[in-house]
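One structure is given below, encoded as structure tokens.
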């Protein structure tokens, strides 16, 4: 049992635990803060997969952008729900919505069942990569490689996503602006 | 442009003309329709008189007359092959009489619509569209073309029943449409299967040409509907049987046979008089025509083996229709069911696979065309006057409307197969043909012929019963004095429409050779086609 | 790293011409944003003009691309072939019509931004049509989806529109997330994101069945959402009904074309083997086609709102398109033909629905009661479209149906598979069911009597209506002479 | 051959047929403008003259002639129409013409003033056309055509007074029952056609006949084994046709009802000619019958003869008596055919045509006068009921004479034609029975009994009508009393009554072998002639007839004298009481009772069977209609509604709740995955 | 080195929690949160697999794109939810059901 295992488990437990708590509490505001923890823990997990840049982006984009957005939106809209906090807060968790819970459990069961076959036979390409040792090494400069890939192999999606972001931005702005004129 | 094309598309021209004319000249629509239909009639009469009796047609390209063949659609579907659709029309002995019949019945229909007031523009436009489709169906020799006309026919009819019909017109119209569509969509699948199985030997393309489909040599070995060494099966039934059954099903709905007939009484009862006339006079014949041309032409092997069942269905239809007619209280419904019965003879005759039976069936179709048109027109006359056609509401009409009664009696007797009228020849030869079937070993037993002949008896029963109930005896009508005044005798226009129909029934009854001479070669050709498989 | 960077850049530069139409779109997008911001106040319709011009340029460039057959660019990310090119022409043309539709319909508000969104959506669909990479495909799907959410919610004039937008966005996002998960699994199984590549297929062949099932089904969820096939069709009736009619016209036609092309490519790539995942793909497509045709048609029977009815109709047509994809072999002509037919019919329908909505203020069937006598031409045209939607001659819908049946029959003849026969029979029988609800339109218009006198508002969009008539004319013309279109598709 | 006429017999016979048709058409076109009936009369008179001089005389006894033209062609077979002129057909044609002429003349007066008289002439001419056409048809199909047309004309005539419910019921019944026969005929035709391939009468039945016992080659055509089952069936089918037309038991039920038509029509159609068409048909297709079918024919004929006579005993309606009498006599003819002596059948047909026609005409005259009387006195009674008559001899002596002559002929009194023809049948039957032996003697014995019954009932008719005192005596005044029939009615009757005597048919008053009809036809039945039979049977018949008449006289004339009856009753009571009572019991109560019983049987069982059949058919029709409306159409509607309901079910999930949608979609996906994994 | 199965199991659990969130939470924003969880689960998968893909870097690139796409989707989704809130004064999806059969 090495350190990275312990750390991995810690992050994993943090992510799963906060996620569980997230879905089970009634207070939306707290849930959103829990989401912060989940996302942070996920970013930590990415690090274990040697995806440092992804982890950084996760924190930057999600924690810095999305979450703030969520909270702001929530604050803007749900004043009535915020006031509800006090009335329902005496129970920390809500009873699980049974059918949804069942469905999610079945999903989990199936996913785990499907993944159980993973251990026995690793996909060939992974085995091949392991065999010729072309794995990404912790020592490698990931960010440089990614930058290179983005500008060469993935230049097209990279360019297209810029249009996409612009469109989403303008659109979101337009729709939110709409509300200002009654 | 050949005569046949002109004949088919003249009504389309009329439709466009009617649609183009402003509503202010609405009185001219009927004259336009009449003029075009007359022109068609003249054309068809010309074609009739110039028809070469000795040519058979059926599966023989040279046997067709007034043929026009133009390439229409060529679809390259990759590995599936090239798909070849032609504008291919022509007539032989089977279609010619029906074509003439159609123009005539159309003429009657226009005459019967003279008093229609409700949105005449749409009415005549649709009527002419229907006219075009009908002509097309009888002339088309390309299956695709046939199918297009077949479906196009449905639309105007839906609206004609739906807009100008009676109280339950919505129900009747959609029922009619759905029934026919049910048959035709399944037919489409078989068409698809057929052209896959057939190769035009000259071009190597898959063809919709019906004549090519009739030649076993054109079938691809091992194809779904292939003639030779065809092992395709569906739930244990050979594929060719399936194809035949589906096509038969599609046309049988049109004929209609029991138990696929229930659209007919509703459609007839709700349809306005002219549409009833056209429905009974022409559209039912499409079923019979389709069975002869398509089912028998393309699947002669199955036809030769299935005729027992076809004849059985025919006999059941005859008796079932007749019994139903006997139980009706609505005059129009009664006549509608009598149509079921009379069209059963067509099926029986066709199934007998003898020259007599087939000729009788063809003749019966023609005869039923005129007679049912006349009958529905007569019902319409009554309905026009008092808006009632419940049999028990009338009595002793003979004293109020002697001319009308005379026409009704003539039409009834003609329909019940009185010699001297055309129905007799048709029915008698269907029976004779069915009897002969056993001698020819075509597989139709004699008891079916006897069963069919009982239908003749029953038809006499319901017609006479109606005649006695409604027309004879002391005058007693439901509406009392008001009705008695409303029930005026036939007008000159009405007589003008009725007289030719009944006269024709009489002429054909006395000189059946007018029809037989035209169809004989084709009937023989058809039997030659089927004979090897018996 | 081994390849010299210059070589890579050269390759990218060489790929640029393949991207020309999309450049036009992008330029149009940027110009549209600019004009919407600055010029719209002074010059009315300038954004529309810019949009139309850019779409026109796109179409022109696409026509120039027609002779190119199956070329890739941008490191195999961008795929240009005939199917894609024709599909993009169809998409661009349809979008042009939609833009015109919006311009005609929504004149009062300042709607500059909607055109830029439309262009972005078009770009997304172009991406869908011309890629074999899951990465680009996912970006394309998201792009189209988000643009669509925005379009639906763009006006947000009433509750229905905002509700439709929310349902659409949330449903879509969930589906996208599921698809992403499926893609991640698939990536794990194959190590390659190009679904046409040998490595990808190899990975799917060797993977364990449950994982393959899981990943493929999850991926299909995302595509299924865009195509709105059963069981992922649930959003479409609500969204179609709630959206402004012009947007509904857009939703029901253009995005489906892109998704269909993508799905076709995926299915083509997958179904070519004899391994489990091919079997699975076939199974999915057959089941989904059957279910969509049945449920779409059955549920439509009881609809009272025309737009809702059209939603179910488009679900049913999706089922039919699945059949077309299923039977796709080596020529895309009938698939494409059916797509064209579908787009033509739906556009015409929605133009009519919109016109009637303007005149009567409602989209319920009941509001059409007795209107046949007042608007005979409109309803005659509408009836012809309904006939075409059913698939009866002499309309384009019939030819499309015939060709699909042909192709399916061919595969039946080869394979003797009962499920294929079932497809054929259900495809045929549902036409009968569909008759019933499509014909409620003429039924109400012509046959039902008008209860009370309705005052029709005057309409402004005469030009749009004539476009609708033009489409109906095309429906008939191509129904009688399908070669006019098919000969173009060489 | 043509020495007597400038035109050939073929053309002449064609004219004979077509003239009435022309008359019919002209009458139809003129409508109410022509009510005199002259057109029809001229036509039928010309026809009669032509028929006699230009057709009958040249052809009779000479070789047959046949003319054909092709009617139409089906397949390889041509169907021809044409004229067949042989002894049989020209005789038939002549009889029709000759009987029709007096009826036409008679009708002018009888129908005078009827509002529908223009129709009457039209129908009458139509009937003549059809009947004449029937007689000379060369093709079985052509024969069938006219056969049905005759039925049609009869339908029109029975329902001539269409406002009477009874009349229209009767004509419907007549037509339908005839239809049954027609079907038999048609089936027979179909059978013959399908086995032999032709319907030409000459080709089928020419002198030698193709239907022979054993294998003999004739005329290159394939020879048919006569004892084949289908031959039997075909024979029976043809006989079914004849049964309906000739009112054979049990299809006779239409004929009594048919008396609803005008009496003149009854005389022509339902007594003399149309009903004889069945016999004519049997004679035509005679070679077709084999032993089995002949036996059936004989049996049916006998039953008919007996039942008709028995039923006639108890009738009160004058026309009904005559109708049953006709049935009975037709039974005789059928027996004649059945035993193979079709020449005798034809002979009886010819004689019967005249005297039965006359009987009807006279009855018509009586009815006419009674109705007239009824109208004058405003009394309410049935002018056809013989109980309302009596003693008319004094008022209508000429009618009385004519009718008596006809009655004697019917009873088979010597010197009348009836004597000859009836004897011929009975004698032949006896000879046939003695050849066949044993049980077959039932037939001649029955026939003899029937002859006696015939004499009795016709005697009853005459006595009740003309003898005794007029039942309405109290209403008779100087002005209001029955009159003699007008001359226009009386003259035709007297002409016909001349024809009731033997000289018209043969010079020898007692030997039927000497009559020209029998001599010409000379059928060769398969039995030997017996001299004794020729002697004894006529004597038995004559004596029996006399006795029966006498009995009738006693019981219907003498009993009617009210005063003397009382006297006689007392006197006889002492002396011959028992005998009298015995007589009373056996002959009056017994016979009449039996007759009533049997008639009731006929009404309720045989006719009841018809009614039952009708009722069953109607119920069946209702049932089938119910089935059609509820089951067949019900299934259709059920499918439609089911589909519709499925649409409703499918919509359930569409409840507007986003999370339900998601849940549903994901559940389906999960289920799909589960299925695929477990599969 | 942590085996890939670990990552997969964690991602599966997170994914299912996301599924539960979107189905059970009666708040549109929480549905968005659920979606984010699901997307994060996928990203975790991608990066876990990406370790073996040193040639194309497909996994990490996809993960980055996914983050961006998700962010944009959230922005748009939030805008729309806000819009709904203005019309309905609630963001409980159960109450937003005017459009239905």
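In order of appearance the chains are A, B, C, D and E, and numbering begins at 1 in each one.
In the analysis below, a residue touches a chain if its C-beta (ideal position, glycine included) is under 8 Å from a C-beta of that chain, and two chains touch if they have at least 3 such contacts.
These numbers were taken from a predicted model, which means no experiment stands behind them.
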Intersection of contact partners for chain B and chain E: C, D
Lowest number of touching-chain links that must be crossed from chain B to chain D: 1
Lowest number of touching-chain links that must be crossed from chain C to chain E: 1
Identity of the chain that, by mean CA position, is farthest from chain E: D
Between the pairs A-E and A-C, the one where more C-beta pairs touch: A-E
Chain occupying the middle, per Cα centroid: B
Chain located farthest away, centre of chain B as origin (C-alpha): A
Separation of mean Cα positions, chain E and chain D [Å, integer]: 98
Separation of mean Cα positions, chain D and chain C [Å, integer]: 81
For chain B paired with chain C, centre-to-centre distance based on mean C-alpha positions, whole Å: 43
Inter-centroid spacing, chain D versus chain A (mean Cα positions, whole Å): 105
Multi-chain contact sites of chain D, meaning residues that touch two or more partners: 651, 654, 656, 658-659, 662-663, 666, 673, 677
Residue list for chain E, restricted to those that touch at least two other chains: 4, 8, 15, 18-19, 22-24, 31-32, 34, 43, 48-49, 52-53, 56, 59, 61, 65, 69, 72-73, 76, 79-81, 83, 86, 93, 96-101
Residues within chain B bordering two or more other chains: 178
Full enumeration of touching chain pairs: A-C, A-D, A-E, B-C, B-D, C-D, C-E, D-E
Chain E-facing residues of chain A, complex: 4-5, 8, 12, 15-16, 19-20, 22-23, 28, 31-32, 35, 38-39, 42, 45-46, 48-51, 53-54, 57-58, 61-62, 65-66, 69-70, 73-74, 76-78, 80-81, 96-97, 99-101, 103-105, 107-108, 111-112, 115, 118-119, 122, 125-126, 129-130, 134-136, 140, 142, 145-146, 149-150, 153-154, 157, 161, 164-165, 168-169, 171-173, 175-176, 178-179
Complex contact set, residues of chain D against chain B: 70-77, 141, 144-149, 152, 159, 162-165, 167-169, 171-172, 175-176, 179-180, 182-183, 186-187, 189-191, 193-195, 617-618, 620-622, 624-625, 628, 632-633, 635-636, 640
In the complex, chain C residues that touch chain A: 1, 5, 8-9, 12, 19, 26, 29, 33, 74-75, 77-78, 113, 116-117, 120, 123-124, 127, 135-136, 139, 142-143, 146-147, 149-150, 153-154, 156, 165, 188-192, 199, 202-203, 206-208, 210-211, 213-214
List of chain E residues in touch with chain C within their complex: 4, 8, 11, 15, 18, 22, 28, 31-32, 34-35, 38-39, 41-43, 45-46, 48-49, 52-53, 56, 58-59, 61-62, 65-66, 69, 72-73, 76-77, 79-81, 83-84, 86-88, 93, 96-101
Chain C residues touching chain E - in the complex, by the definition given at the top: 134-135, 138-139, 142, 146, 149-150, 153, 156, 158-160, 162-167, 169-170, 173-174, 176-178, 180-181, 183-185, 187-188, 191-193, 237-239, 241-242, 299, 302-303, 308
